[in-house]
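First chain written, first letter: the chains are A, B, C, D, E and F, and each begins at residue 1.
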Amino acid sequence: MKLIVAIIKPFKLEEVKEALSAAGIEGMTVSEVKGYGRQKGHTEIYRGSEYTVDFLPKVKIEIAVADDLVAKVVDLVVKSAKTGKIGDGKIFVIPLEEVVRIRTEERGETAI
Amino acid sequence: MKTLSLKKLLGYVVLAALPLLAAVPLCAQSPAAPAPSLNDRVAALEAYVQNTDPGKALTGVAGPGHNAWMMTSAALVLFMTLPGLALFYGGLVRRKNVLSVLAQCLGISGLVTILWWAFGYSMVFGTSAGSPFIGGSEFLFLHNVTSAPNTNYAYWVSHNVFAMYQLMFAIITPALIVGAIAERMKFTAIMLFVTIWMVVVYFPLAHMVWGATGFMNGVWNPDAAIRAIDFAGGTVVHMSSGWSALVLAIILGPRLGFGKEKMAPHSMVLCMVGTGMLWAGWYGFNAGSALAADGIAANAFMTTTLAAAVAGFTWGLIELTFRGHASILGFCSGIVAGLVVITPAAGFVNANGAVIIGLIAAVIPYLAVTRLKAIFKYDDALDTFGVHAVGGTIGALLTGILATGEVNSNLLNGAAQKNGLAKLVEHGGLWLEQLKAMGITITLSVVATIVIAFIVKALIGLRPVAEVERQGLDINEHGEEGYID
Amino acid sequence: MKTLSLKKLLGYVVLAALPLLAAVPLCAQSPAAPAPSLNDRVAALEAYVQNTDPGKALTGVAGPGHNAWMMTSAALVLFMTLPGLALFYGGLVRRKNVLSVLAQCLGISGLVTILWWAFGYSMVFGTSAGSPFIGGSEFLFLHNVTSAPNTNYAYWVSHNVFAMYQLMFAIITPALIVGAIAERMKFTAIMLFVTIWMVVVYFPLAHMVWGATGFMNGVWNPDAAIRAIDFAGGTVVHMSSGWSALVLAIILGPRLGFGKEKMAPHSMVLCMVGTGMLWAGWYGFNAGSALAADGIAANAFMTTTLAAAVAGFTWGLIELTFRGHASILGFCSGIVAGLVVITPAAGFVNANGAVIIGLIAAVIPYLAVTRLKAIFKYDDALDTFGVHAVGGTIGALLTGILATGEVNSNLLNGAAQKNGLAKLVEHGGLWLEQLKAMGITITLSVVATIVIAFIVKALIGLRPVAEVERQGLDINEHGEEGYID
Amino acid sequence: MKTLSLKKLLGYVVLAALPLLAAVPLCAQSPAAPAPSLNDRVAALEAYVQNTDPGKALTGVAGPGHNAWMMTSAALVLFMTLPGLALFYGGLVRRKNVLSVLAQCLGISGLVTILWWAFGYSMVFGTSAGSPFIGGSEFLFLHNVTSAPNTNYAYWVSHNVFAMYQLMFAIITPALIVGAIAERMKFTAIMLFVTIWMVVVYFPLAHMVWGATGFMNGVWNPDAAIRAIDFAGGTVVHMSSGWSALVLAIILGPRLGFGKEKMAPHSMVLCMVGTGMLWAGWYGFNAGSALAADGIAANAFMTTTLAAAVAGFTWGLIELTFRGHASILGFCSGIVAGLVVITPAAGFVNANGAVIIGLIAAVIPYLAVTRLKAIFKYDDALDTFGVHAVGGTIGALLTGILATGEVNSNLLNGAAQKNGLAKLVEHGGLWLEQLKAMGITITLSVVATIVIAFIVKALIGLRPVAEVERQGLDINEHGEEGYID
Amino acid sequence: MKLIVAIIKPFKLEEVKEALSAAGIEGMTVSEVKGYGRQKGHTEIYRGSEYTVDFLPKVKIEIAVADDLVAKVVDLVVKSAKTGKIGDGKIFVIPLEEVVRIRTEERGETAI
Amino acid sequence: MKLIVAIIKPFKLEEVKEALSAAGIEGMTVSEVKGYGRQKGHTEIYRGSEYTVDFLPKVKIEIAVADDLVAKVVDLVVKSAKTGKIGDGKIFVIPLEEVVRIRTEERGETAI
């Protein structure tokens, strides 16, 4: 199993979610993060003082999937999250040794 | 017609500007009149208590009780916009756009004040043009607006306080429009739109309804062509802003992602705080519109309270019944709707009239914002149309039906006698005059807004680029974030 | 006894309802009295300045200065509840329940207004029943409540303004109860509870204390059985709500996880904003209770300021001394406690009396909310009992000790002469009458609340299911979230 | 000199304290004067309307209209601090310090009230010392401060209301200082600093400017050595606090990470809410300073509105032009700056004067907070110096240039006649007197602040340890968090 | 070493924390997340418009542990976080190649 | 490739960011977390009731890097985040099987 971690633009969340559930991916965990990268931020000036905001709001999606689904999910995320503009984000694939569903104590792929 | 007399007036302005910028003599307290009899002096004092003509004594002096109430009222009405309305609307937008709403309210209050000082007040409450559609030039740059009462409008209130009180109405009206076009219009475009809109729509309309020589000022103008009544601004404030808001919202088009993305209010807490401020402030708006701390103000205070409370509770009940729970937004919407609908009626109807108005004010706007909007699919972002246009329109009509001379003798005496309003009030038919006034208001608002919107679009464009709208107006248009954790 | 005369009254209501719903004639300004002498006319004008009986002239007319102040005061007292109290309480609950508190305040304000309009005002301030426990039926549906003063209560304030001013007290009282039962009671259950509570507890109690024929209205009722005094509502508002709140909180039981989970206030900022609004609004509450802009109002304004400030600072000092730091909640609790305790005394004590009250108002409620609650382990969520019941109780007693005729001549003349209050004030013993009034208030509140709580429990149940309480009342009971990031 | 007479006074205090703590006789309404003629009685009534000396009748009675307005104004000015200023400043600090700002405002309001009650009011508005620098001892513990007017200051306002109104000024002045030293000073150190500062700077200065025997009270003191004018507190409130704030900020040193870390406001929404409250409240501050609901108040109401709106809009325009976008903070800063600069002038200039002041109030403080601060690199955290000191200083000067007897006859008659102010107003030269007053204010503020700051530093230290400042003052100094998710 | 990532119901955090520290697990990192899964969300209606909130508030706990503790920790979390109702959440076990304690620069298991 | 996860004290974020970008690390994802560990929290008292806040605000930084950069990045983070006081935080190194840049669909190290 793998944990697919995607960093995307906030307003793309709905699209990605729909793409995934359309493909039968019924679970994911989402959090708000700030991203630093090539995409330039903006400047805020409060009276005298000026601040460049180089941490931009992004959304992080974590999806645990069975190995055979990895390619498909990565693909779906790329397609639905892409705008082609800088700052679209990244996808990370991390090995997952075990998954447990707390409610049922099921383990492994059935727990996903 | 309007625009013509406007052009003429703008002429004056330019000519008048420079010399007038020099300090203009004002008079704080005019000297007591030449030795009036003891009887005249007592009569004048009684006139103060009863808010009638001072006659031979105490002329040119404001009365403390009335002045106190009108200063309080003016402060309350300003408070309705800053921060009241700003919070009410600000809480209803998404987090990324909260500041844009505040900026629009702040910008409008400054802009309108400057217009008002320069020529707005004169266009509305002047009479030198002797026109039913436009005021005059005698008060340009608030020239001649001193602390002595302008008895055309109030016997015992300082003219400058009256002018500031009316300014607060001129500020909140365009600010109401912001609700319909929230989250998607450029700040500069809004400022330009409002500038033209005030000159073309608000100033002429306010003169027609409230000006001493006004076209449809049934209560105070003996020669009013239309004998309509509007106590605190159902037509001038709510209908004009509400109908213009709808048109502008349609011309602008919906927000990106409208109907697809979640656009829930980012802070119902702010929205509720704003509602509380609006309610309290509205006492200045409605009871203050008596332009005195007299019995008419007292009646308006009561009717305002009843209508707001009944409408708020009813809206909540409707939700509880048909949706299973009463929401904060429901209560707040109902309260505001109740306040809107009672506005033109506050000083003309009695307690039971107010309760009836409260009930209707909940039902119809509720349908407007839930059904109507769903059917026609326009993006009236914060329901300015559903609440203010629809509410103002119902209010103007209900005023024509429920107004009674028993709570306000001005409906039966003085100008109302001469122009026939009194007869209409006593034997019915007032509602027809109200319909005429409503027709004029809607026509003027709709037509003018279409024209202005396209002018602004041609000049500087209406909407920011998609990326800006996506990221939010706050960081892009104002260079700030609403909240930083 | 109370419930009996209540049943009778409910009888009237039903009968009266339909015909009365038809618009009721009101009278904005009654015509001047038949040709009074110049001397009478001047005397009437002086009466206006001094807030005394107009006598032969200017009868049936409200006085601008007094009307202005009472409209301002009424707006201020509404502002105390919306948004003042709503924010004060809303900030103290957990994020997931903030809207439920706002909804309760909004719902109560609408509900109580409707009760007030229909029969509440009449039950409290009517006299037709000639009963010390209940008012009458002459003001059902605000019938006869015009802009002319009701001289039973105020010579120079419009009757309808007086009725609205008193309404605001009727609104905030049940809203105070919300604090003790926050985060765990069903919205509908609260509405039902409040409806019955108003009829059974508030309306009769308010009549007993403030009604012209009231059982314990020492200052204005020459035939008062109990010669107690309560300037702005120590018994009627704070004791009644506070004691009922405790009982209801105990019957409800503690919040899930109480004592185990962290239940810290989600926004001390909102709480502080609410406190500021409560303080400012309280001037309408206390100084407004003079029902005129006279010297008694002036004295109440001063004592209110001193008590609030001293209590707030003292509470902070206590924390600083015993805990190492003064907290926002400490300052806010002290300010509110000071305002509560001075409430019954505001128009009866002098500056130094107010400072003494301020000191005591910090110490005793501080012990109540920190020690008492810890000992008895009841879940008075936001300390309505600790602050309002305890504070109101101390206040009623201290009023009996510190009241002086030197700041309020009504304690020595008129009704106070006849019923013997004057003697008590001058030669001591007033505190005993106060104890009686307190006893009646506590008994009525406690007994009635127990009964009502079980009725409501039987009819619709008091608490939401555990899962709903866990997830928060906002999304489940009101279908909204307080904040959306 | 000042400190000397202060020591003497502190002497009185100690002596006076105990006996005085016993309830002090107050008099709500003095009995009507011995049978004045009908003419006198009418004259007295007219005097009420015109806010002049009652003469032979109605002496010792407050006038309803004026009392109503002054109670409203006092409530408004309190509202400026709690929650107005607290929110304005609280929104501008970082999330971890928001409560510390609120605590400072709350603590100051309690502390100053106690000082005011004990001896502050007497030091400022007493006259028994017959000194131009310090008041007297006749009002210690508000002894003799009854509901009868103190005709030294207002013919028709209750003395106790006047005392409370002035208290609100005494509260907000030190609270303004908080802005410059935000996020880095110990709560106890601030309390100690303020205590000494009030006694050494504010009380003497306020007496000099507003006391009946004041050193630079040009309008009311016939023997004023300096014929300066300050309508609502340009010198007393804004210059004193602003200059002291700068000095204290420099002595404290900058916040940890100043210039390196991001220190952006954590909530522009709170800041804007505070601004709205400040604007509305400022009507009590400025129009209230007429100490009556008369024509001078009316004029001040107008000028306050114009200056605030013009300055706010201009500041926004400057940003739009030079930075590409108008910010919320820009609008808010401009509004506050406009209100600050018009403060000393409000009752002395006309509409056009107010517009000119509004323009200048935007430009110069804008440069002060953007350029000046950048050049000298002092950490005036929330720009108390840039807005209040700079603004108050410009205002005092502009008042000397734009003041006109046409809007305020007090500049030409009475004391102004005797001490020669009238001549200065009519033939110019007033600005020179203003410069003198400004010099004294700045000198006193700067010198005293240096001394007091080092005393406090020596006694208890000024700053918290670095770790506390890093984590934020809220959890460490007040044991609470501003917001809990 | 492993990084144990648990997604649980917010109100269960205290219980889980106590269970763990009772068992001598002295460190963890917690964050607020939104979860999408089988558990149905609620609907919010604002005037006309209706929104189904299918992202529910969850709490994410990250615990770095030595290999021999994995089973025990997973067990403790399951026991203390379980309500048996849908939405109880998941546990993910991820391989951890290195741990560093910044303060002391210790590495490996001693750094945990 | 590895995913380096660092938990640090909030006010150290700027320093760490600068140290990294100075060293040419151009991307990272940051989130606010609460940390539980050896570092003691404070107590909050609201009227009667007392709460010990043992979850302290921390910042979590996630940095995907090529294998050869791991040592250097860990080192930079330690140096720039260290105060020597308890609570400085931890660094976790997690294996990363794949990285995708959504915008370009690049994969592997070039996507970082």
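Definition applied: a residue touches a chain if its C-beta (ideal position, glycine included) is under 8 Å from a C-beta of that chain, and two chains touch if they have at least 3 such contacts.
Every value quoted in this text rests on a predicted model; they were computed, and no experiment measured them.
Visitor: If you tally the C-beta contacts, which comes out ahead, C-F or A-F?
Guide: A-F
Visitor: Copy of C-F's interface among C-E, A-B or A-D, judged by over half the contact pairs being the same?
Guide: Among C-E, A-B or A-D, the interface that shares over half of its contact pairs with C-F is A-D.
Visitor: Just curious, how far off is chain F from chain D if you go by their C-alpha centres, in Å?
Guide: Centres of chain D and chain F (C-alpha means) sit 48 Å apart.
Visitor: What is the distance, in whole Å, between the centres of chain E and chain F, each centre taken as the mean of its C-alpha atoms?
Guide: Roughly 18 Å, centre to centre.
Visitor: Could you please state the distance in Å, as a whole number, between where the Cα atoms of chain B are centred and where those of chain E are centred?
Guide: Each chain's C-alpha centroid was found; their separation is 54 Å.
Visitor: Provide the list of chain F residues touching at least two other chains, using ranges where the numbers run on.
Guide: 31-32, 44-46, 94-95, in rising order.
Visitor: What are the residue numbers in chain C that touch two or more other chains?
Guide: Within chain C, the residues that touch at least two other chains are 38, 42, 45, 48, 63-66, 68-69, 72, 76, 262, 264-265, 323, 327, 329, 476, 479-481, 485.
Visitor: Chain pairs in touch?
Guide: Listed in label order, the chain pairs in contact are A-B, A-D, A-E, A-F, B-C, B-D, B-E, C-D, C-E, C-F, D-F, E-F.
Visitor: Quick one: which bits of chain F touch chain A in the complex? Just the residue numbers, please.
Guide: Counting only chain F, the residues touching chain A are 3, 17, 26-31, 64, 94-103, 105, 111-112.
Visitor: Where on chain C does chain B make contact in their complex?
Guide: These residues of chain C touch chain B: 20-29, 32, 38, 41-42, 45, 48, 57-58, 61-69, 71-72, 74-76, 78-79, 82-84, 86-87, 90, 98-99, 102-103, 106-107, 109-111, 113-114, 117, 141-142, 145-148, 158, 160-161, 163-164, 167, 187-188, 270, 476-485.
Visitor: Sort out for me which residues of chain C touch chain D in the complex.
Guide: Residues 38-39, 42, 45-46, 48-51, 63-66, 68-69, 72, 76, 94-95, 156, 264-269, 272-273, 275-277, 279-280, 283-284, 287, 292-299, 301-302, 305-306, 309-310, 312-314, 316, 320, 323-329, 331-332, 334-335, 349-353, 355, 402, 404, 406-409.
Visitor: Which chain D residues qualify as touching chain A in the complex?
Guide: Answer in residue numbers: 262-265, 323, 327, 329, 333, 369-371, 373-374, 383, 386.
Visitor: How about chain C: which of its residues touch chain E in the complex?
Guide: Checking each residue of chain C against chain E gives 257, 260-262, 470, 475-476, 479-481.
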